[in-house]
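These notes open a run of structures that come right after.
Shared between the two complexes below is chain A, which has chain B as its partner in the first and chain C in the second.
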Partner chain A sequence: MVAEPITESSKPPTQGKQPKQPKPQNPKPEKGGGEKVKSAKDLKKEKRAAAVAARGGENAGAGHEGGRPTLSVTNTGAAGESRQASFAPSGSASASAGGPGPSKPQRPAHFSEPSGLSLSNIQQNLFFSHLPHQDFPDTSAALINGKLHPLIVRLGVLMSSGQLRGANARTMGMMSAFREVIRDYECPDQAVLWKDLPIYLSPMIAWLEGCRPKGVGGGNAIRWLKSEINRLGEQGDRSEAEQKDYLVEAIGLYLRDRIEFADKVIADNAKEKIRNGDTVVTYARSSVVERVLLEAHRDMKVSDPEAGFKVVVVDSRPLLEGRQSLEALSSAGIPCTYILLPLLSSILPQADLVLLGGSALHSDGALYSRSGTAIVSMLAKEHRVPVVACVETYKFGEKVVLDGVATNELGSVDNLLSIPNNLSFGIKPNDLSSTTGGVGKHNLTPLHLVYDVTPPSLITAVCTEIGFIPPSSVPTVLGKSSSVV
Partner chain B sequence: MSTSVMFDQSQGVSKRRAVDNQDFMAVILVGYGENLYPFNQGTNVVSKALLPIGNVPVINSVIDWVLAAGLRDVLIIVPPSFYTSLAEHVTEHYSMATHPKARIDIKRTTEGEKDDEGDEDSELGVKGGTGREGTARLVRRFKNWIRTDFVLLPCDLSPPSSLSLTSILDKHRSSPDTVLTSVFYEPTESVKDGEEKVLVALDKDTSELLLIQPLEGMEDDLELRMALISSHPTLSLTTRLSDAHIYVLRRTVLDLLSTRRSKDLDSMREQVIPWLIKGGWQKGLGRRWAPILNPPRKDPFAAALARSTSTNPSSSPYSTLSPGSSPTSDHIPLPRSIPGSASRSGSGSQVDSLQNSMIIDPEEDVKASIKKDVVGWKCKVLVTAPQPPPVESQQPSGKGGNKQGQGKDKGLQNVYEPDYLIRANSLAGYWELNRKFIKTLSTSSGALNNLSNISQNKQIQQSLEDATGTLPAISPQSQISPDSLIGEGTRVGERASIKKCIIGRHCNIGKNAKLTGCVLWDFVTVEENARIENTIICSNGRIGEKSQIKDCEFGTGFEAKPGAILKGERLVAGQEA
Partner chain C sequence: MAGVASPLSLSPVPSARGAPRPSAQSHASGSQTGKNFDVIHSYKRAIEDDKVPHPIAAILALVELIEASTASTVTGLASELTIGRQALINTQPSLGVRAGCQLWERFFALSMGGEDFPSYKRSLISQGRSFCAITAPQCREKIADLAVGFLRDDCVILTHSYSRTVIQTILRAHKQHKRIKVYVTEARPACLGMRTHQVLTANGIPCTVVLDSAVAYVMERVDMVLVGSEAVVESGGLVSSVGTYQVALVAKAMQKPFYALAESYKFLRHYPLSQTDLPIPSTSTTTSISPNEKHTSNIPLEFPTLIPNSHPPAIGAHNPLSRPTSATPQSRSPVVPGTPTEGSGANRVEMTKEMESINPMVDVTTPDLIDFIITDLGAPLSPTSVSQYLVAQFSS
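Now for the complex of A and B:
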């Protein structure tokens, strides 16, 4: 990654100098003082900065070299203006595109951007530019291209539009889509199924990844599917129909065992921790947690109609997923309280348990979940309320993730600046300039990170289908399950 | 593994055939053009689909629009009388050579499956009635040709550039419980009067379409059901919008149509769509239709959607599955590495696993019965209006010093043309489309095009000169404004003046003729010294010498006598003023 841009940096020297500004400014006077050792380090720094700048310049395009904020105000404005004009149809893009970013680094070259500049321009600043963002996929190109099954196209739209949200839902959707794809698949005459099928599937996987990153759970599922296809090669002679049947059935079993039954077992396990009269705190919405609560409530009512527990649904903008959770829980007869995240510390003293869902559990035991989860668990630890994360083992990841910056996703910022029931309507893009009233569009960066990372120290226990485990046991489970999977 | 795949890829990609099936197909209905009076009468009537706009039939814009969205299957349903001409046109313009992927199927309205009950009955109905069958019945008749979800389009649509079919389809794709996505538009001022006025109720938050009611025949009071208001407290009522007749429909709507008796079916727009919309919020209707529209286990994503954190538990059909705790939940699943024996077929196991998630406990019956209240499907709407002239320039644009750029912006905005959706289903609409086309010729951005146009014209001229070796086709003494379009093979006589005109192919403009703001189709003859203003002359028309014609529309083959003075007439062949 580094080597490539350096070669480019020699090409546009003017661009190369841009971001040097913030960093080398301090050392320069020092250099005058005559510190040799440090200047060597600086040289390196400079080089790296130049590399970053080269990447940034590339992105900004030829016309915007002058987009340096301190150099000349006019230039920045003009660059912003012209960019705005050119992006006018994409609406929200224009609003803060002209932000005084000293560098506009581009995403790694391998990341294929489906279309649209809107989000990338808004959310591209130094720290988060590497993150994939949700962008509406170009379905017409995908269809014309003809490599995608229509079901995959539909799935991509559902995922990127936010209709299909949540790791379980997305993994399930993806696997059921591939099940249908494999059903419809016909192996070419000369090809061998187990060799040909991965090639057939790979553009679809790539396209879905462009619609929304599949996450650890989805990645595990795909890896499993590929190994399963690969295994067909070892199993020798079988007709194409048999092989397809095998795969279709295997996917069904995977979904059943790893998600559905896992959820059932998790619900059975976790509901033991909810006692009569408890107050349970949940954050946002998780299909597993919802199920735990519903089943716990039902069981409690069966054994003793008087018994019951309360649920506090904690929610936060902009997704407000907790509302749906609230609706499901309260319609089942569970007494609920709905609060937004800032109120959490006042409610926690009465809480007995915090139940969290998650998108992934990394091998150091860190929970990767909806942004805000970390705050919930931190406050819960402060108030000595046990935190239980409900995570299926298929979501266990082998990576170690230290913060929510290196790996994350940029979400839609459409609703970030508008009140929730003032959604845009029709096909007109919800342009930010109107929602902010034209205030400060050049220095405004609405940022929506979808996930955050909860360190293992804040998690009391992880509830999985193999029982309650401490977060530190993830590698053990991974080691075990990898042989199984 | 990876190496073998890589190796394979080098050979495999080339022989990989494209995925063949698609999730949507387009159904284009070609009508008779009832509202296009002088064009639809007389001999050699051109189908509405072939009305030329800038010498290109209007249906081209529809087909191009469809193909641009990546759809491949197009079914065009044509009245038998227009079949030949349209089939010829389409096979010529959309041949395998130019559009290798498109599969355009043209059918006569009579070709479809016979109505299942009472053929004679319907025949009688047809004869006794208007003689033209309702669109709904047509669609139903062709239901065996429509295998997927489909988008129903008129043949006379000119979509604005801001509205791509992809965006409409994506809207439909992204809301899984939508049965119908329909497009409404704000018509331009000039077309407004011609359009049927309808009252539309919609919910802007959820973009649900709730009511369509023609204003005509409505009493002074508007009655709205309480159920509607209570379920959609923020509904808005408007009369500004018109129906674009773009309906994205689920395939199962056809199943619903086939439960109706064919004589009860009439127009899609006037009858079926309003019905469907009512069913979306009237619980009784909705529930009755839900089993047909939402057949169980049809959607492969049902289980996934039930788990989605953005699925609304009270209004989504999928959430009924969500708790899904089955009595077998005490069964501990053994992580099985090898899927079960081959005796269990794939589909069987799928049903199994689905059932597992669908079993609802007796305790949850109460909840389930509440859930039954959920209709489970709805109709969505997409409203298209021209974007207001960009407001950015009015906002303080950050810092001063870029006034120059701003000025430039303003200069651009002065020529900003609101991009309306226009349908050529009335004379006003047809006029508007032609005006729009002429404007595209004359806009500043089109200046270059004009230059090339002129040079092209000259080239044509030269080539014609070369070919015939005799008279130049377009006389150098004629005056042709840059915002005019002249079709090939047209001859323009000396001192003729043509301004803001669209002139078809093989026309003959006589000496000293003066044409302003006219639309001439193919093979029109204008004799010497004629003056024509704001007039549409259909194919094979003939305008006698020294006639003066203003604000007229003439049907095919109309001949104006020499020296005729006509103003504001709509005439067809054989008629006299």
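Now for the complex of A and C:
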């Protein structure tokens, strides 16, 4: 979908632009920070460019050009120019496009020639060098660029910094942001909305992807949005305002039906499984699980003030997300215990239920969730405690993922090495900062993978808005809903 | 699962908890059904017929309710049906009732068409009746047809308790001149295994009744295990008379094939996570246990909550803790003195009615223990495909 317009449009306009702004006005911007942000997107571009180059010799130049780390991927002539004007002065916008100029030789090296600086990058991840590495996004460049709605830039920063965490929160944030973007969008005169809007949105999608991969749920939402836009093309004969209203409303409905209502139904279903006197184990933080527990507690208290259940919040470094969960639950009056992952095996014999959230559920029934979830489920299986994963159907992915190695995210390493009591590994954190690629003189490779994969055999049931289903029935649900999505 | 809770979480006033719930329930159902038509009575009349299984009896009762209904709109009829369904579900211990009600509800929702109300009502009634009279018995025929292929000549079958479908299958094999020998468990406390024995021996099939505790002993001589079921749940597991789970576990351990027979109207929209996670209403039998042994919930075999002042005399009166079950992982820990009740020597002490009444009637056989579920839907299904079928049916 996105791929085609990008490759086609990226070549000629960048070429046309280059001579206009030969050198950036300020050649000193920190390349380290600004560059790597776009690595995920650029990786794609690189590949595409390489493919183009392989196809025809005359395209080689274009391939090289395609590798340029510009954010103005989809310059579409006049339309593009007018949009730039609306967000930022056009001169500076193209300046930023040329900004990474000096780093030009670095970029290809980053991927194709593992030498010099890039070597450390590869070493940092050792076995995980295939995963895209994320650094803090270069917001100034993004803002000046003019292709990105300020809301999207802000959202990208929130996601990348971890202030907006959790698949539901991120998807909702993203979709609401796009709703505003569509509201503000004005279709250029010669263009048709359903053709122009996806092109308009794609740099923003790419920017967000560069800040933090959107995951299966976000991917499904974006795919749905694009299909909605496409359907506008089939319907035709509506004014631009009507079409925009339609999309805005549709996004609202999507958020309501697929996430908010889904969570409500999941909470209704799952709370039936929590009974008086139970001990429920939960790992890290999940908005759905939190909701289930809070509602179960409230209902139980309403029917009988003496009744209640206990919650064990299991947490692990470096994110320690369980603390937020703990705060929400204990302030609601639920008796909570807080432990770290290593203690889990001692607690599980006392437990009746393990409730897990997830970022995605793959079609073989494997749960893609915060790293550590697989250990929790494995131990729970060992202790014969039922494991229930609460996942909305919009997070069902059609892929099959065999392990957490092939697809994953690299998290920030900084937290990993900072220990609360200031004991260190005899290393100053600076030694390992990302500028040196994380490898200091100590041959230490800190690694933080954000997710892991829990095989379906470890999950007793999946609680979705259509009820409890065994993990093996995910394809059935996918098959039914794929016509809708 | 209160056995799990540490002493800290035990509340001091258990009686206050247990009392209001069942009474409120029975009160509500009484007032609802007393209005014009007694669904419960009609259900009980239907179930008296030996050939009628629980789900079908429930559907029959609901069809009779429609016949007796004075509602003049679809909505009115629907709300009356909902009340009747709730009354049945809340009072009848069989999960089959719930399955039948769910099936009828789904049929009702789907059949809501454009015709005028009287003819709609008539077609509902006639379709309901024909389903119960014709389709349902055919289901059992179909299953017997399918299952009989699994029985080889000269094979030894172990079955549990009493199942009409299993008996029909065995009889059909017998008619095909297959020499079949049957072990049947006694299946206490209802001892329905004796009934199976009666029917089979009357038809000239060699049949031996096995103690429930001798299942493991006899398993090595068995070629296959064939059981019926009360309901098939969304996980692909079975809910059936207590003891089936244990038979399935032994069969799995000894690598004997375990086949379950289930009509498709027994498919139930429920996902049990544990043995106690079943929507069985607290029946009159459980609430009528002596008042000083109030149960905080209707969970079978739950230890009574400690009543503060009953320490010294409680030891004598504490026998209901008969056998530890696998219901909770915790039940293995506390061993209470004075528990053995049966076969404990010269003067044999039997279980009392009260002790029996706190025992479960059904258990959940997990899908990993089942080789095939033979249904009227066609080729034998693995538990996974059963659950996929169920999800597809209900998620629409």
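Worth pointing out:
FYI, the second predicted complex is superposed on the first by the 337 of 485 C-alpha atoms of A that agree within 3 Å, B and C clash if a C-alpha of one lies under 4 Å from a C-alpha of the other, contacts with A are read in each partner's own complex, and residues count from 1 in each chain.
One rule holds in what follows: contacts are C-beta pairs under 8 Å (C-beta built on N, C-alpha and C of every residue); 3 or more make two chains touch, one makes a residue touch a chain.
Fair warning: this is a prediction, and the values are worked out from it, not measured in the lab.
Comparing chain B with chain C, the partner in contact with more residues of chain A is B. With both structures placed on the common chain, the touch criterion links A:179 to chain B but leaves chain C unconnected. Residue contacts after overlaying the shared chain place A:353 against chain C, while chain B stays out of touching range.
Using the contact criterion defined above for the overlaid structures, shared-chain residue A:169 touches chain B, although it does not reach chain C. Using the contact criterion defined above for the overlaid structures, shared-chain residue A:308 touches chain C, although it does not reach chain B. Within the superposed three-chain model, A:468 lies in touch with chain C and out of touch with chain B [touch as defined at top]. After overlaying the two complexes on the shared chain, residue contacts for A:278 are found with chain C alone; chain B is out of touch. Contact with chain B, but none with chain C, is seen for A:191 once the two complexes are overlaid on the shared chain.
On chain C, the positions that touch chain A within their shared complex are 1-2, 4-6, 9-11, 13, 16-17, 234-236, 269, 271, 273-274, 277, 296-297, 328-330, 367, 384, 387-388, 391-392, 394-396. Across the interface of their complex, chain C is touched by residues 273, 275-279, 304, 306-308, 310, 335, 349-353, 383-386, 388, 460-461, 466-470, 472-473, 475-477, 480 of chain A. Interface of chain B with chain A (complex): residues 1, 4-5, 8-9, 12-13, 15-19, 21-24, 68-72, 101, 148, 162-167, 169-170, 173-176, 204-205, 207, 234, 300-301, 303-314, 319, 322-326, 329-333, 335-337, 339-340, 342, 344-347, 349-350, 352-353, 356-357, 361, 363-364, 367, 370, 382-385, 387, 390-392, 395-399, 401-402, 405-406, 409, 412.
The touching residues of chain A, when paired with chain B in their complex, are 73-74, 76-78, 80-82, 84-85, 88-89, 94, 98, 136, 138-151, 153-155, 157-158, 161-166, 168-170, 172-173, 176-177, 179-180, 183-184, 188, 190-191, 195-196, 198-200, 230, 242, 244-246, 248-250, 252-253, 255-257, 260-262, 264-265, 267-268, 284-287, 290-291, 294-295, 298, 301-302, 319, 321, 324-325, 327-328, 331-332, 421, 423, 425-428, 433-434, 438, 441-442, 465, 481, 484-485.
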